[in-house]
């Protein structure tokens, strides 16, 4: 790995400029009005190093909702709440090869649990495992955890997005009732979904997710304060899933082209990291057919190849 | 066809006696407590001829809920309410080859409508097409229609079954939300499901469904009064679906072994007919792995072979 | 049913004329050169009554290969050779809901036998059941049987079609090896396929298949000579499959719109019948997306509705 | 990572002893007689460090055929022969979530190419890309390449295994003809399969595959001689696939429990590595339900956890 900071800083504007036009080939998510308003041509990146200093470029002022990016951290919280054995009795560990909202394997493959915690079915099952006396309590615990690891008290749920998600999420409801029928969900389906919609609707900036990613890049321990926020084993699990399943059904391609643990969201965000070095947040709302930020993926590909970041 | 009535009457006790032991190999539906209480060894048949006279044998006093048998008549009512074009924009005309509650083809096959109106997904879509100002109004229209064609004011919804169905039907909810997501259902999902659960829970006896079947056997016209209750074209459509899809995923086998239009329900009922001659109601709660009455199917096979009833 | 012969003869030219333009919306099968040369606009029908007299209209001079139509009669021959028990240990009795060359259910549904004898996998399994000392002997027995029931010594294999089918049939080879792996085929795969390709390549005219259909319409017995060529039970089985699976994945629709047992082939032929009255052969090479003759299906729909032919 | 060599040497006998009993829960592959004769209780490991020195424990004298392990190196040879663009026009980059010999996605997912080069369909497609004037020439090039990277002129094809594989591989033939039909294979199917069966039947020992693995662990360059045998980019691609798809449908679980690039074979072999440090060969013929060596996986899990080898 070639980590000369000055070369990186010098290269970043060029990489963003070269990647931005790729947005033109994509589409902003349009299933709820709030997402469809995102600026299609935007592209921003924030890289936070171990001293907590950010190198930023492009439209880093943009706020966006975590969407599927949140699934990495609810998985971690569920692991911290329940341990591995309980969590992996409800979700598997394998890439599914199917679309993120597919129900095929729930019907076809015994024992009818979601293949992994990063597809929708799996993330809904994970939401049901978050401890709390009530759905509101669970949502509060998630928000508090996210604020802590992002190092920001300001991040909050975008209520407009939350309400739209909840109102339009027929496919997620279908998934959740299927899970209920398979015995994977034990609680009230609408309550579980409420927890799920809320954590998907948490609003952040690139620097917030760069900070969250830095914690994973440093095995769960804040590199500045030395405080361990997440047990290392759970970070390891999360990073493994980010490699095998983090970029929807293009995870294998991303692993070959970029080679870093990453998680994308339908809002165009990508959380990724250079393990041991950088936490990275990217935003680029125009998506490819697999649901990943077109310009964002291209930008990460350029950087990974230039600086030899692949883990492989 | 050999329709000597006396021979039939003489043969019936023998056929019931020979078929009854087949129940031992099956299981009574147990997904709700109300169904699980049904007497496993029971078997009864009622054959109504064109003068309205019943020939009965076995446990014909037993009451049971229509369950999937109701789907034939909600299809007919939906056709009468909307016409063929509207109905077949929401459901297809093909056997699916999958389980009655499968979601595979909703995900895999464009345009994402149920393959036919007799699988669960299709019957839920049909329930959404029944005219009425409210779910209650729709349910009342269905109940009134069923009473008319059964010639009985007494038949009614079994509220215990209805409540249990509604409380436990996670898979049907999953199907309904999938249909909503695919744009097949336009109304409120819970309201549509309420209409669906209610018509599945209408309680009848063998003679009630023999009367309903007789109307289909006589092309929609009451053979005694001469009144046309159902347009002949819609009876034709219903009978065709009963042959190709009426016995769940064993419809092809039933067509080869019995050769009559039929519809089974998970309560163990079978509605069938000898076109132009008899309406037939059968009850036998013990089911085979495909969801059809074991003793009931065997009884119909004996009768069809003895009296050469197959349409083919 | 309204069977006035003169009205039928008067109506036929009109029906053919009205149906012919539908060919324009379809495509002639093009996977082998021999099929692609068929005249797209052609449409012909031959109806043979119980005295053996033909009423014909349109392009009835056209010769074409049986293709999938042959599957009905190899099924019958396999039943005559082996009985029901053996045959139905190798193929099921259910419509599959999938494409005619699909392999999904062979992989997904135990016991891994073809769902029915009219999809490709099933017909290949049936070919393996034809008795004979050698593939050539089996093919000869099939050809002899087809000649007998068509009442014509002249019909023969089109060797050009046979060779092209054999050379290009990678998907059928794939199906056959899958069946071999599942233990459905026991002999040499290439020998079984040779038998299959040959019977698909038997060349006929409309009047030939009208004659074959008449035999089925008369329960297996030649209405003129009184000779029983096929046991009635096997005719019954064949007719049932023709209703539930005969028109590929549009069988359900055909049953509702036309209501007659039928089998189509990719050459544009349709063999159908008015049970007890007529054997019917239709040719119209332009196919719809399901693989059935567009103009041919429309023609049969017009006639069935006009003369109330539906069995249902 | 804690790489004290002496501690490793001291720990290895303990780890092998503790892992060996797990073989009892598994089964030796039995689809051909040659594989079924393998000693079920055997377990051996060979670790080769960068100076080419082996640390071995257990039954390392056992010879076994590469089977699926060969797929990693035919992929590399195909990349060296054709470049990335050609190779990835014939196979994808994604884990499939299905069994290694599944055909579902070839039928269901456009463009009908295998999801990745390590499932059977993908490896057959890769075999078709090896350059050579004849199948024999291609097989010779593969064998020569394998000998070079294993640093052993002695390794050769086990002709008994090859002949049995070829004779019994109906499912692979089915896959190959499906690929031919989809336009993925362009050459003669039997010739492609011959190349495939031969490279699966190359016989090795643990130290052979440890040497092959060491080359990957050192980015393609022999750490002793300094000679580059494989371009680094292709090693990177291979290692990425080994993480996402290398352990059949348990790759995700292996990544979480062990965290190393690995490829298993149905003979019970596992090739893996500690990048930058060790090439590792393991043999343990008793397989779990996913097709991986039971005792072998357990042994690697113990070592990875003890010495903190996970890449994640």
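Each chain gets a letter, A, B, C and D, in the order it is written, and its residues are counted from 1.
Please note the rule applied: contacts are C-beta pairs under 8 Å (C-beta built on N, C-alpha and C of every residue); 3 or more make two chains touch, one makes a residue touch a chain.
Here the structure is a predicted model, which is why all the values come from computation and not from measurement.
Undergrad: Over the chains that touch one another, what is the least number of steps taking subunit B to subunit D?
TA: The distance in steps between these two chains is 2.
Undergrad: When the C-alpha atoms of subunit A and subunit C are each averaged to a single point, how far apart are the two points in Å?
TA: That gives a centre separation of 55 Å.
Undergrad: Using mean C-alpha positions as chain centres, tell me how far subunit B is from subunit C in Å, no decimals.
TA: Between these chains, centre-to-centre, one finds 32 Å.
Undergrad: Please report how many Å separate the Cα centroid of subunit A from that of subunit B, as a whole number.
TA: Centre-to-centre distance between subunit A and subunit B: 48 Å.
Undergrad: Out of subunit D, which residues touch more than one other chain, so two or more?
TA: 108
Undergrad: What graph shape do the protein chains here make by touch: line, ring, star, complete or other?
TA: Topology of the interface graph: a ring, with each chain touching two neighbours.
Undergrad: Which of the residues in subunit C end up touching subunit B in this complex?
TA: Residues 92-98, 105, 115-116, 236-237, 239-241, 243-245, 249-253, 255-256, 259, 261, 310-312 of subunit C touch subunit B in their complex.
Undergrad: So in the complex, which bits of subunit B are touching subunit A?
TA: By the definition above, subunit B touches subunit A via 102-104, 107-108, 170-171, 173-178, 180-181, 189.
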